[in-house]
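Structure incoming, see below.
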């Protein structure tokens, strides 16, 4: 599913003051593509993801899902096929068992129990929580990394075509982080469009074709990764370049063709 | 997100700088006198005293309105009820309804009392930081310790609860959004449907709160907290001459009211 | 201003000393700590690394006198016996512990009140509390935030506030249990800078982490695996052991990961490198 935002603006009230969270945000992601959403805390990344998902309505502008505008008859379906994983897993989980929690979304979609059961097992397998071992476990008895996987499974079970992730790697132990990267790679390979809000520029480089930098609610840079010839940092110096890009530059190689992953870099240098 | 409870408006007025214990006693005494006295002049005097205190505090009037507005329906209902059904010589009757001057007078008194009570209470909460208020109440409640009531620990509990209210509100909103993102619906359906939709929202909130309580207890112990041990304060309560003056003035106003 | 207490009985000798430390959570199948030995000298900066489930958080709490050990041949913190209730209570005074979750450590309504909390618990006179709090606020760059409410603070600010509150009580040992795990990069930098500023003051530091780059500057690193110590020595020594690193599942900085991957492909780099510069140097030398 492709995603496009056209001049999206959003503000909200806090302490009786109107605060503009998003201003004139325009960008697009092709179907099956991937976008890294970058920016400091408070820049508006979470707000943008929630607006795209439809939890908040835009003040002006439009969010186009698969090229469809909000008035279109297919828009509601497209919204249901958009999944959003929040940063805190603890706030997403609530059921008595992992299976019940993951089944919540599919049930709300109106699927029959057979289809729900299948979706649940598939999702648990995909995130690395084999149903045989984890289905009956209580969500809050799981470790931090397992809870993060479970929260992701709950969204994946709904078979989203567009997946929005809000800082999925924060507070994760290194092992789970690596596993999660592999899960996202697999999802991308199966054609799911991914928008990933993250602070980790190296993971963004590994997983995403394009990037969008938000600064105080406005777009500071967008599009394909491009590294200036002078070795400048992204977005006018506000973000550091991915490690592998810096390394390629230092070795006198073409920065733009730097490998995306450490494994690929090792292959190239061995 | 601002919690409406214990709303504090920072300032440096003479009212702000008064000891919370003195303010609490003054407001409580005035409140009692308000409902005991029936003379209109007395009520007017008490109202004037509360108004003067509010004006001295320097807090904009709109804050009082925010405190009072939720009670408007209660006050209005009471007023109408008194006017329509209170006993007294009726000048107009229709079935159970009878309008009398006495009824209107009673209604006016009640309304005035409620307004002044909220006004006086607002002066207290708007000019006193919650932590100072709880410290003050803990001090006033000290005699209860003889009855084995753990007043200092209760005061600390209240302080901690107040500290976490904004955090809990944000978490509550996030929980609801996360469930909405998976298709939950909190806005449609009858009362029972909506109530049932809230159960999955309360579960993570409770679990998180229990975990938080565990973590906090450990963090507090790591900083040498022990219940029952006497604690000193960074900002201890210090009664000054101004506080004695406040109490004296309040007593004077109340007594004057009994003579009017 | 010194954060270190000099007026305690064991001013010389190890500040932390445990042997055969054992602990099991109720209802658990295995021991969380299964006969652990550890000694930390005064003023030492020790990194404690291990994967989830290795027992490192449990150890942190026990060293702080906050958890009762299952058993030990010997367990002492600053001369206090951790096997007795009285010893543990006394240990809480000398050993400070900073936890992972910044939110669940702040109890007061504003920053300065929270920093004062520990001293209020110890019944210090108000004037001394005020002086000490002012010093802590300045030290951790919190002075302008002193009246700010906790929910309006960023993660890094909250954690600095918690740290200031822990150290407001003069300590001999500071244990930090993965203090940056829940922070964004900016917050992480703030906390690491604050911790760095504690070095060389006579305060012993035990820094629990899963990230090797945070362990890199330590005097010595102790690795935990399933409740026992499997390595206790210089950081570089641990880093050179690729198999152990993989097994420990620790997070390496990109330079380290790449060096590890190159080693697996037959190209060993000296060092091992932890930064871009070190990596480039290593590649140029060998290559």
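Letters A, B and C name the chains as they come in the text, with residue numbers starting at 1 for each one.
We adopt the following convention: contacts are C-beta pairs under 8 Å (C-beta built on N, C-alpha and C of every residue); 3 or more make two chains touch, one makes a residue touch a chain.
Note that this is a predicted model, so its numbers are computed, not measured.
Asker: So which chains are sitting against subunit B and subunit C at once?
Answerer: Neighbours common to subunit B and subunit C are A.
Asker: Among all chains, whose Cα centre is located farthest from the one for subunit A?
Answerer: Checked the centroid distances; the maximum from subunit A is B.
Asker: Centroid from C-alpha atoms only, then distance subunit A to subunit B, rounded to Å. What do you get?
Answerer: 44
Asker: Could you grab the centroid distance between subunit A and subunit C? Build each centroid from C-alpha atoms only and quote it in angstrom.
Answerer: Their C-alpha centroids are separated by 32 Å.
Asker: Residue numbers of subunit B touching subunit A in their complex, please.
Answerer: Interface residues on the subunit B side: 1-2, 171, 174-175, 177-184, 200-201, 203-204, 207-208.
Asker: What part of subunit A is in contact with subunit C in the complex they form?
Answerer: Touch residues, subunit A against subunit C: 40-41, 143-145, 170-171, 173-175, 177, 199, 202, 243-244, 246-247, 250-251, 262-263, 265-267, 269-270.
Asker: Which residues of subunit A touch subunit B once you look at their complex with the stated criterion?
Answerer: For this pair, the touching residues of subunit A are 14-15, 50, 53, 55, 80, 83-84, 86, 88, 90-95, 104-105, 108-109, 140, 154-155, 158.
Asker: Quick one: in the complex, what on subunit C touches subunit A?
Answerer: 51-53, 154-155, 181-182, 184-186, 210-211, 249-252, 254-255, 257-258, 261-262, 264-267, 276, 279-280, 283, 287
Asker: If you look only at subunit C, which of its residues touch subunit B in the complex?
Answerer: Listed in rising order, the residues are 61, 64, 66, 89, 92-93, 96-97, 99, 101, 103-109, 112-113, 116-126, 129-130, 133, 149-151, 162, 165-166, 169.
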